[in-house]
Amino acid sequence: MANGQEGGMSMREQAIVDKILEKAPYAEGKVRRERRIEFTVPAERIRDFLTLLKKNNFELMLQITPVDWPNDGEIELIYQIWSVTHRTHVMVRTRIPRELEKARMPTVKDIYPVAETYERDAHDFFGVYFEGNWKMEMPWILDDTEQDIYPLRKDFDMLQYVKKKYKILDRFDENKDNYVI
Amino acid sequence: MINELMIIIFTPLITGVIAWLLDIKGLREGISILGAAVPLAYLIQAHQTLTSQPSIQYSIVISGFKFEFLLYHLSWIFAMIAGVVGFAAVLGMASTTKDSYEWLFALMSLTGVYGIFLADDLISFFIFWEIMTFGSFMMVLKYNRKASLKYFLLSVLGAYSMLLAIGILYAKVGALDFTTIQQTLYQDAMRGVLGTNTLLSRNDMLLIFGLFLIAFGVKAGMFPLHVWAPDAYSETNQSYTAMFSGVLSKAGVYGMLVIYILLGTRLMYQFGRIGAAPKFGYVIAFLGGITIIVGGLLAALQEDIRKLFAYSSISQVGYILVGIGVGSALSIEAAIYHAISHALFKGLFFLIVATIVLRTGKTEFKDMGGLAEKMPITFAMTFVAILSLAGIPPLVGFASKWLLFEAVIHENMPILGGMIFFGSAIGFVYLIRFTYAVWFGQRPTDLDDTKDTPIPLAIAMGILALLNVVFGIAPGLVATELNKIFGKEIIKGTIWELNIGFGRYNGLLITIWLVTGIVIAGIIYFLGAKVRRVPVTDTYQGGNPVTMEYNLTIRRNFFLPLKETLAFWLRISFDRLYQDIGRWVEDLAETLRNYIYNGNVQAYAWYLAIILLILALWGV
Amino acid sequence: MVDWRLFEPLFEFARKRSLWIVSFCTGCGGIEMPPLMTSRYDLERFGMMANPAPRMADLFLITGYVTPKTLKRIIITYELQPDPKYVMAHGSCPLNGGVYWDSYNAIKHLDKYIPVDVVIAGCMPRPEAVMDGINKIMEMIENGTADSWKRYKENYEWYKKNQDELFGEGWREREARRWIPWLMDKKEE
Amino acid sequence: MITSMIGIALKAFLILLYATFVGFMFMGIIRIVTARIHRRVGPPIYQPILDTIKLLSKKSNITHGLIYDFGVLYALGATILALMFIPLGSISILRAYGDLILITFLLEIPMLGIMFAAMSSGNPWAGLGSQRALLTLLAVQVPLGFAIVALAEFYDTFSTYQIVMAQQTAGWSITYLPLLLAAVAYDIVLQAMFGKEPFDIMIAPGEISLGPMVEFGGKHMGILQIQHAIALFAETLFFSNIFLGGAVVTAFASSILNTLASLGILLIKQLAVLLIAIFIGAIFPRFTIDQAARFYWKWPTIIAAAGAILAAL
Amino acid sequence: MSQYASLLIALPLISAFFVPIIKAIGKKVVMPFLVLITAIQMGMATWVFNEVYTTGKPIIIMAGGFRPPVGINLYIGHFAALFVLIIAVASFFMAIFSMKAITVEPKDKYAMLSLLLMLGATGMISTGDIFNLFVFMEITAISAYALTAYNKSGEASEAAMKYIVLGGIGSSFFLVGIALIYGSLGTLNMAQIAQLAGQMNPTVAQAALAMLVFGLGVEAELFPLNAWAPDAYQAAPHPVTAMFSAFVVKAGLYALARILYLTHAVGSWGHILRLLIILGTLTVVIGEFSALRQTNVKRMFAYSSISQVGFIAVGFALGTQAGVSASIFHMVNHAIVKALMFMAVGYVALELGGVTLEDFKGLGKVMPLTAFAITVGAISIIGIPLFNVFWSKIQLILAAMKAGKSGVIALILGASLVEAVYYIRLIHLMWFEEGSRERTRIKENFVFGTIMLLLVALIIIIGVAPNMTWNIVQKASADIYNVAQYIKNVPLLPGVSP
């Protein structure tokens, strides 16, 4: 359903995608919609791909969003990058194995300096360890007690943990509709 | 027939030599303290004789020169300053000296200072000036060669320029003792007024005044020549610095007064006046004003405790120079009064620094702190000294500063008045920086076992603190002495009050009302609920818990904003200028030697030929 | 020292009419403070003034959900305040965890850890509700029932037990030392 | 002798009471006027008194050591001392010794007491606040000095009382150009001495949580409130005496009426000075410390120096 | 009785010739023999000294009984008595010092030469006849050349060669000057020259005076002519350097002053003085500056000694009585201090094997006595009040200022500032800096120690109570200054005139 107006616009994104794919054969890219592109890159090639993006004036890194796929046993890291010149938003997807000792990624701190904080965030909540980021061990948001439980993983049983931590919450087992303060 | 003046002058030197030769730990301290006490006793005893006869006189002939010594009111006051602060410093040194040669040279410099104050002719003045310089230089030599060399060179430069001035005077006037020089120059001024040509031409007077200014400016630490003071004051046995900065800088001030006594009328006739002040005086005053500002600002930016007080001592001497420069009878009396109070509180401060360095072994601000609980006596003395130096009413610092302000502003000198006001605030500023870094705040763990002052130092500090308070509450005591110099009653008023017509200050009244004020505050304080003592770490840091590992006090680089505001001015430094001159002279010497004594005979033979040529041509 | 019972009514009136708020806005209630202070609702009419230092403040406003990290700071600030001190909790989060009832990171009952005088219900009460709360606390001061600080002092062990249960023993030193290895001057390059 | 002593003590107590009360009223006025500028109702005028009573009546207080308490006491004592020197119509006690330089120094000394106490509390913000207070003092000193020099040279005397008497005959001193410049400079200096908006970097609430005051609780803060009140009264009184002509009313028969009239006139002049400070304070944002120092060393110094030089001619 | 004074000249001459015979008796005996002779010489000199100073009249000795204008006469006035004593004492000390200091083998040659050196210097000072002056100057010069080369090292021979070349030129011009004077005045006797100096025609007088000054300038180390001095001082054996700086240079200076004041009636006298002042000041300034960056301490002391000599020359060239007495006082002090310093340096070189700054580092701990001696010497040279050189410096400066030479004095004071720098560096080096290699404390020789302490005591005594020395010096300067008195004292043959 590439209509004229939308087609015209997405033609520009398609040109950007083809330009980048030329230089990065290992990646697949497609245009999601106007001003939004998506690439899937194998985990070990992520640094070269990001340097490539940086050279093609994709200036800002917006976020590193880790998504937990317990069924596939993988964590998907989405590097969201914005280019001011092209006015387009790029999502670079990579998949890494889910287990704690295997979920390791090289840091991209030197390409996009802001990545340092996002990587610490990902590490705190999802347990993805980024080598080369010296602030990895530095305590960040979570308190000491929650340091190694990586709360935002899907397999983390939040309610059970809360009951253990704040002992007084025995009323959770009641049914919710006649809940009286 | 040893005249008492000789005893006063030479006992320190003799006891110093004995102490140096004996070199027995306990005995040499006793002898040296005796050596400092005897002249003080004689001076106090001389006070009675001075009430009856105008002055005590003594003369002796050595190798063709007739040396005269005279003790009259002005020299008595300065000698008393040297006596009291010297005695306190020697007491202090009893506990801080390690080897005996320091006693020899400290007492030698004390002899030099006594000699200067009692000398009545230029040659003995110069000789004792050299003895003082050499004594104090040897005290600094052991600790740091560069600092001592800089100090020695600048003061010897001063001494030699003084010698040149003495030479010119000797050539023109023919005599050397003060009285004849004063008379001849006075007649010379009268002759000039009547229109006939004078004995000394205009540029002669300029040269003599310039040379004397350099000589006394170096010793007093005036602005362009002050670079030696911070290094010299900090690189020596700290309790000796009490004497070094308290007394020896007064020799420079006494020298400025000598300029007034000897050349005063002649310079007045030669260069005339600006407003009320004589033109040559205004030069001294202006340089003094700049010294206040430069000394004060640099003192605030220092990281080393001794350097801070060295610069502060320079800026305080700047006050005295302004007082002398303005030249009216009242301002000279105010300057001398400030000289007394400066000697007292500066001596006290350096004794305090000596205790701190002795007990903690540290001199940098960044590794000191929170000593108020550990050294209560020293802190009490510091509190008195701070109130006195910053010029807080009940103490002597304020009395002399008040007198100085009134005298200078009364001669309607707006710029000088502004500079002095700026100085009073700077005194405030760097003192609190010192107290904050050393006494208050979090104590580094290794300072927990610091003991309080040793006994001799405590006594010395006690004497000076007591004098600070007594002269503060009863300024009249000093005022009566000062009036004797000019003969007439310039500072009127009772023992508790200074009354100079356009301003009155009553020390006792202020102390009473301050005490009542504090009592009222105390009543309100004790009405409130009981007070719970809290450790240093129990403090509000945005709710974050704090432990002793945190550095809770800003000791390092306390006045960073001030450094940024003054960044432009701090680039100019006279210290680097003198260093470059020294290096340039040495390179010149090196090239000179290589060219002249280059070692081959033909060149030397050529020299002979050239000399022969000159002999023949010049028609010798 | 002196027994001031005779002047107690005057002191109570003075405490009521000059409540200094320690400006410690946790959670989403902080945004309610400006309208209270400025011209529309103007708390200054009642002599209330925002004051940064806990040493001089009396009223301690907890204006939203409280995470364990913030609770540590709240406890320390609370203990810094001099004695007749009052605590007001805004919204349902300090009451029973509110919308974050099942979140691992929000405190469920604030008054298990520090005594609370007045709680204002509402998932962020409007300024009028806060004004009503303040009137309530003024009344309590007036008739002397605002004695949360006495309760804290008397059964301090109970509060301490709850705190240590949540944070573990000696949490203050641990919290202070947690960041030291990463401080700029402490880190050996 | 004893009766005169008691007379003086009574007079002193009365002055002190009057000064504290009017001082608190001034603080109340400051808060009300600033509130009205913000189109708010503002607290009742006696609010500072209530604050002080609440602070003094605190049930538990903390201290960081002897100097922490003594500094606060010293500050209040020095302010009371300063108050006694400034001529208050015709009833001030130490009027004869009211010397320009002495009073300027006494008005700066409370800051020394407060800083001693703040520093000994060991709080980093207190240290930072005192550093800024010191630099403000340093910056303020130059224009203040020139203004005092201008005054002393214009009236050729240092005693405040003689200046007030001279102004009775020759009219207010701000009518003469040199002293007008000095008055302008001194007024800018007052802004910093009151600790009002543009130059109150030393007690910046947000940045260093009230600077030196961070560790003062309960009765210490109460004493400092009293000190601030008396200081406000004293500084405005000093300004109105030396620049706005003070008030020596001899028109009425009985002395009590005279004193009341002169106090009234003085009150009006003090209020005028206070309102200027409040209006400037309410409008300006806060300077950083080196901006404040550079500002003080540039414009007010030039104005005051011009005044001093003109006065000296 | 006064005839025995001629023994002062005769004794060293005869004993010099006896030396080979003594060597034949036993090699070990030569050095003690030298010490004995110098001891006797010292005894005689002290006897002559108090003889002259008690009676107040100079001793005149007529060689061979002939009256002065015909025969040669020795005129031992106040100045000569004083300086003969200084020469004798100095050579006695140096003889003791050379007992241990001289290691190069032909010791008897050394003894003979040092005796000749002493003889020449005594002769120059006490002669009354300018040709005789030339003869004695030649004796001193030649023995000085030989002694400089005594160490047989390459450096010593090169220094000696320089000294010979320059000394030779100088003395030859001196001879030409004497010939000119003799040609025009017909007499060689100094007193007669003084009488007749007025009648010489100005140009000849000018030329003669120029030659004389030039010739003596080399010996008296004025600025450009003293190029040989630093190398000679450094290369000569240590006791010889001490003798050089103590009295050999002084003899040259005395001769220069004596001739200057004799011919003061000459028209162009003022020019000569101005030239001498310029040369003297240049000597001081260049001497000080070149010593600043020296690493060899002995050479540093040589430069400092040259500059002090320049200062004395300026004193003489002032032309006033005060100037002359001040410079003589300075000569006495300088002789004492320099003898002490060079002896100490020599002793350090002996013990530690070298005189570079490196060896002097931490000397205070290794040889405290010598270090103390050098420190006192250095401090007194800088001009610190309680020591002897200070008094003469003050006198010289005031005399110069009285004569209106403030510019010159400013330069000289600047130079002495520079001198203070390198002496203080040396003091600091000795006492407060640690030597690189660890050295144990050396047990110092007792005899040398006593000599050094004696000289140090002398320095401090003159420093503290200079009155006695000042009176002696005043009499000595009168002897040189008022020529009329000098002429009266010499019994001239009436009627004998060219």
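Note that the chains are named A, B, C, D and E in the order they appear, and that numbering of residues resets to 1 at the start of each chain.
The working rule: a contact is a pair of C-beta atoms (placed from the backbone, for glycine too) under 8 Å apart; a residue touches a chain by one contact, two chains touch by 3 or more.
Keep in mind that what you see is a predicted model, and the values were worked out from it rather than measured.
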Task: From subunit C, count the fewest steps through touching chains until subunit E is reached.
output: 2
Task: Give me the chains shared as neighbours by subunit A and subunit D.
output: C
Task: Assuming subunit B simply isn't there, give the groups of remaining chains that still touch in a chain of contacts.
output: A, C, D | E
- prompt: If you average the C-alpha positions per chain, which one ends up nearest the average over all of them?
  reply: B
Field: Label of the chain whose CA centroid is most distant from the centroid of subunit A
entry: E
- request: Count the C-beta pairs in contact for every pair of chains, then give the pair with the highest total.
  value: B-D
Statement: Distance in whole angstrom between the CA centres of subunit B and subunit C is 58
Task: Between subunit A and subunit E, tell me the centre distance in angstrom, where each centre is the average of that chain's C-alpha atoms.
output: 97
Message: What's the distance between the Cα centroids of subunit A and subunit B, rounded to whole Å?
response: 71
Statement: dist(centroid_CA(subunit C), centroid_CA(subunit D)) in Å evaluates to 36
- request: Identify all positions of subunit E at which a residue touches two or more other chains, and write them in rising order.
  value: none
Statement: Note: subunit B residues in touch with at least two other chains are 527, 529-530, 538, 540, 542
- prompt: Of all the residues in subunit A, which ones touch at least 2 other chains?
  reply: none
- prompt: Which of the chains touch, listed as pairs?
  reply: A-C, B-C, B-D, B-E, C-D
Message: For a test of understanding, state which residues of subunit D touch subunit C in their complex under the given definition.
response: 31, 35, 38-44, 47, 50-51, 53-55, 57-62, 205-206, 209-210, 213-218, 221
- line: subunit B contacts subunit E in the complex at 61-65, 123, 126-128, 130-131, 134, 141-142, 145, 148-149, 152-153, 156-157, 160, 163-164, 167-168, 170-171, 585-586, 588-590, 592-593, 596-597, 599, 601, 603-605, 607-608, 610-612, 614-616, 618-620
Message: Under the stated contact criterion, what part of subunit C meets subunit D in this complex?
response: 4, 7, 10-11, 13-15, 17-18, 20, 38-39, 42, 44-47, 50-53, 55-56, 58, 81-84
Query: Where on subunit E is subunit B touching in the complex?
result: 161-162, 165-166, 169-170, 173, 206, 209-210, 213-214, 217-218, 224-225, 227-228, 230-231, 268, 271-272, 275, 286, 289-290, 292-293, 379, 383-386, 390-391, 394-395, 397-398, 400-402, 404, 406, 409-410, 413-414, 416-418, 420-421, 424-425, 427-428, 431-432, 465-467, 469-470, 474
Message: So in the complex, the part of subunit C that touches subunit A is made up of which residues?
response: 67-69, 92, 95-97, 101-105, 107-109, 112, 165-168, 174, 178-179, 182
